[in-house]
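Presented sequentially are two complexes of subunit A, the first with subunit B as partner and the second with subunit C.
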Partner chain A sequence: MLLVYSDLFRRKSLLVMFVAWPYLTTAFMLIFGYAVGSPRVFTERVGVDPIQFMIVGSYLLFSIMTIVDDIMWRPIYDEQLGTLPYIVSSPTRLITHYLSMPVPRFVASTVLGATAVFPVMVFSRGLEGLLVGLAVVLLSLISATVFTPLATAIGLSLYTLGGESWRAINVIRPLLLIVTGIYYPRWLMQWPLYLVSSLMPPAHCVEVIQRIVVGLAETYTILVSLTLAVLLGVLYSPAMARSATAWEKKKLRVGVKT
Partner chain B sequence: MRELLRSAKAVLAAYFVSELVRSKGLVYGLLSLGVWLSIFVVPASLFVEGGDTGLLATGVLIGTAVFLAYSTATWDWAMLLRWLLQLGVLEYVIASGSPITSHYIGTIPVSAAWYTIALGLAYLIVRVFIGPPYLNIVDPVALIAGVSFLLLVLLAYSFILGGSVMAAGTAGPVVEFLSWILPIATGGLVPVSAMPQPLRFVAYLTPFSYPAELLRYSLGVSRTVLDPGTTLVVGAAYSALFLVLSAVYLRYQVNKMLREGIKTAALI
Partner chain C sequence: MARGVLIWGWQVLGEAVVAKDLTKRFATKKRMGLFRSYSEYVDAIRGVSLKVKYGEVVGLLGPNGAGKTTTIKILSTLLLPDSGSASVCGFDVVREARKVRRNIGIMLSVEKGFYGRLTGRENLLYFGALYGIGRTELERRIRYLLDLVGLNELGGSDRLYEEFSLGMRARLALARALLKDPPVLLLDEPTLGLDPPSARRIRGLVRELAIKEGKAILYTSHNMFEVELVCDRIVLINKGVVVAEGTPEELKSKIPNVRTLELHLRSFSEDLLSEIRGYGLDVQEPTQSSDGLYVLRILARKPEEIVDDVLRLTASRGIDVVKLRIEEPTLEDVFVYFTTTEGVERSGAQ
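Take a look at the complex of A and B:
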């Protein structure tokens, strides 16, 4: 955990970019949207002004991505750095290694919420915005937690089947984000996409977050969605364990590339 | 010159075989691009009212084309130097007497092919999610000038990024910042006329706005804020000057590297 933080604080330009990213993507989405259409149309369709919706979407994008990236890219980094043999041969179980990976990022994700979501929400809604911001950050952490088993299972299965290929990860990663519905409310999705989206644990948390921001959240809907998210997270856990074992066995069988 | 072309040909063959054929880079790259474009284009459809969306689709397609051009210049050309640094082969390239520009020239055909296919994919995505774009050439001279200036500016931009990579040893945040901010702040994504007044001023201070303005004007998407003739003349002068200055900067960084040694590249 300390190593992650010291790395983050040591590289100041990276830290600045980490804080600036949600604002940049929000600006990108808004400028693009305003150029092709009107914020009024967006508000009528979605139920909230695009600034609030997009800043929450951008925050979710980076808070989830910072965790998923850590899991999915780590084997490639470790292989390139030459540390993979030490990780595979370490007494710590591989599954524990991957499960612990998102933990330091939770704090970074909370900081990102404080710098991105809170200012916009408080400015737009006052005290209510503070509560909405708290709910968004808390639910984003749950979202990342329930996503960990699936992200690990997909990442390590890909590595087992096709080697440590960053190209495949580059396709899978944004695809997972689309299906999660970060920038497009799930309740507006076409039903086939909605169905696929329902299999993704974080999609349910993201829907709850979006409903809270829009003001469509009901206790029953929140409870059902969060229960589904946790249930799916638990259901994908055996797949995560199997993929970690398979990847470890493959590394021991074929060795690590240098 | 013959040596330069021979080096460029070798780079082209190596890059084509290793990146596109052996690693299936084209297939993965297009899939990734299609998915990322959809992430940004699909939410934009939430802003659009029903009815005739042709002009909007054209605007989105041109914005995407300019953005793709910056991405190609960033990730194909400038990042090539980071790749050479990471692999630890940059010193061998320099020691061989082959100029760094041979690597830029060698990748141009692959980049051009990639850009064309990527633009076709962007067209399909825009057509599906927004509507069919209008593609009318209103002013052919402005179109040719826009494309030419864009190429000059892209080459210059990649020289500056490449020089920065060599200077810093890492350019992840710098590259990401520049490759995002540039198209937004300089009228690459939206017409300068649709930007707030302070941003218009910033856009016209950079060489990047002029080619994009000429492209949009030539395809009848929007009018230029400055007179089209003035945009063309200033754009030509500014693009050429920018290319010269960036070549000087790259040369300076190469010379500095020869004095101080090669920096270690970071992964991000």
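Take a look at the complex of A and C:
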């Protein structure tokens, strides 16, 4: 909590960016979209107006990716700051430490939902928009949670194989973005991409959120998708544990930088 | 309770840290052009053994690259040795790393190691939670430690770490090392870059922790003066090997010509130098002082026994002796003796 909130509240510019970010991203996407396409066509194809879709997408992007970033960037950050030796030499297991890092973000993410998603949804849909907004925020938290094992496994495996480098992470992040279907609904994907995205736990939650926003949600589909997401999250957990162990072993073999 | 009994047992036996024949080799990449590279191996430490008792401060002294930090990292479970063994409070650093971590406090770098956007107190809260200390006990302990290291009087409790001076950072680092009240402290150059008052405060605290609280402290430093003040025993390490070990006085007695006869001469001749060397005395090339006098230094075990002979030699050449004094050896002499090529050859160390 201390780390997350000290950053947010002691840097006013960061706090402003935190609140404005979904709107800025949405504005960028809309400007680009209006320049090359038609909002009417978008609405006909996707099923909802682009503003609602993009604001939800931007919020999902933020809430899922920042939590993933917390896990992937933290080892690099700690090594640069010189705090890594004290974390490694603490009695707390490394994996427990890094997995608990995103927890404060959940709270911040929920607040962001209140400032980004709710206003747009209520403005567009009235009271129903409040329920939709609540579903979006709740499901995005589930989405981020089930993504954690896979994101951790990918991040720590990269670190073990190639060292702690932000370059590798910067290549992986956009790819993860595409396959989770945040800006491109899964039901519109070509089958190869659809297949790959099926292996991503958050992709199923994102699909549920999008179906709710678009009005295509059925109870059966929601239940199946959420079950798949949770199952995948559980399935990736052993990989997460092994990658953490491998990374820690490598750090101890070459020595933690001081 | 079992842990307490085990630690009590070791305290009775006296040895908190035992390292035996530690070795560590690192692979480094050497580049050949843009695409090709090859691995080169560096022996960071070879067969390092040392012990630290409870209530004792042991200094680990050596030039840059000698293996001090490698040794400290192995003992603090941040690095696995290639061979050898080490234990802290009876727990093996490799097989029982988690138990070792509960019993050590470490200080590895003075200028970093904390989160800049948190205050001193908040940083300690963060690390205390990481160490598994309960909230109430942690708050109490932080209040005590901030007073002990003098951070409260400097306003460090509620100031952001990024605004701390180097002296304040060192104090906070020591406070963190003491958070768990560990029986063993591993301090890597804890006063590096500090001003004299801050360095003195840290040194005083270290001595107090050993004497009053019976902590076992391993302390690395380049500063000979400080090591002599703080440490009960010194382990001298060079090129990965322990070359000497003992109290400061024992180490000084190990170098053959321990004392120096220093003469300030109004003039000088090479013949004088040859004649002094002809007596079998170890004499260095003269230097000139700021007042234009020639300074001649003769190394001897008992300089007072050769003073008459030397004065007779200078008088016979018509050379005036303006000043004469006998110098006691310093730890720096010991350090240079055991770590320079000449000294290593003389000592017969590998």
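One rule holds for everything that comes next: the second predicted complex is superposed on the first by the 256 of 258 C-alpha atoms of A that agree within 3 Å, B and C clash if a C-alpha of one lies under 4 Å from a C-alpha of the other, contacts with A are read in each partner's own complex, and residues count from 1 in each chain.
Assume a contact is a pair of C-beta atoms (placed from the backbone, for glycine too) under 8 Å apart; a residue touches a chain by one contact, two chains touch by 3 or more.
Just so we're clear, the structure is a prediction, and the values are computed from it rather than from any experiment.
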First (subunit B), second (subunit C), both or neither touched by A:Tyr184: first
Touched partner set for A:Phe28, first subunit B, second subunit C, both or neither: first
Comparison of subunit B and subunit C by subunit A residues contacted: B
Partner chain(s) touched by A:Pro119 [first = subunit B, second = subunit C, both, neither]: neither
First (subunit B), second (subunit C), both or neither touched by A:Gly47: neither
Subunit B versus subunit C as contact partner of A:Arg253, first or second or both or neither: second
First, second, both or neither for A:Ser89, with subunit B first and subunit C second: second
Partner chain in contact with A:Val16 - subunit B first, subunit C second, else both or neither: first
Which of subunit B and subunit C A:Val36 touches, first, second, both or neither: first
Touching both subunit C and subunit B, counted on subunit A across the two superposed complexes: 11, 81
Subunit B residues touching subunit A - in the complex, by the definition given at the top: 23-25, 28-29, 31-32, 35-36, 38-40, 42-44, 46-49, 56, 59-60, 63, 130, 172-174, 176-177, 180-181, 184, 189-191, 194, 267-268
Subunit C - residues contacting subunit A, complex: 26, 69-70, 73, 76-80, 98, 101-102, 104, 106, 108-109, 112-118, 122, 125-127, 130-132, 160, 176, 188
Subunit A residues touching subunit C - in the complex, by the definition given at the top: 2-3, 6-7, 10-11, 81-83, 85-92, 97, 252-256, 258
Subunit A residues within the subunit B interface of the complex: 11, 13-14, 16-17, 20, 24, 27-29, 31-39, 41-42, 45-46, 50, 54, 57, 77, 80-81, 165, 167-168, 170-171, 174-175, 177-178, 182-184, 188
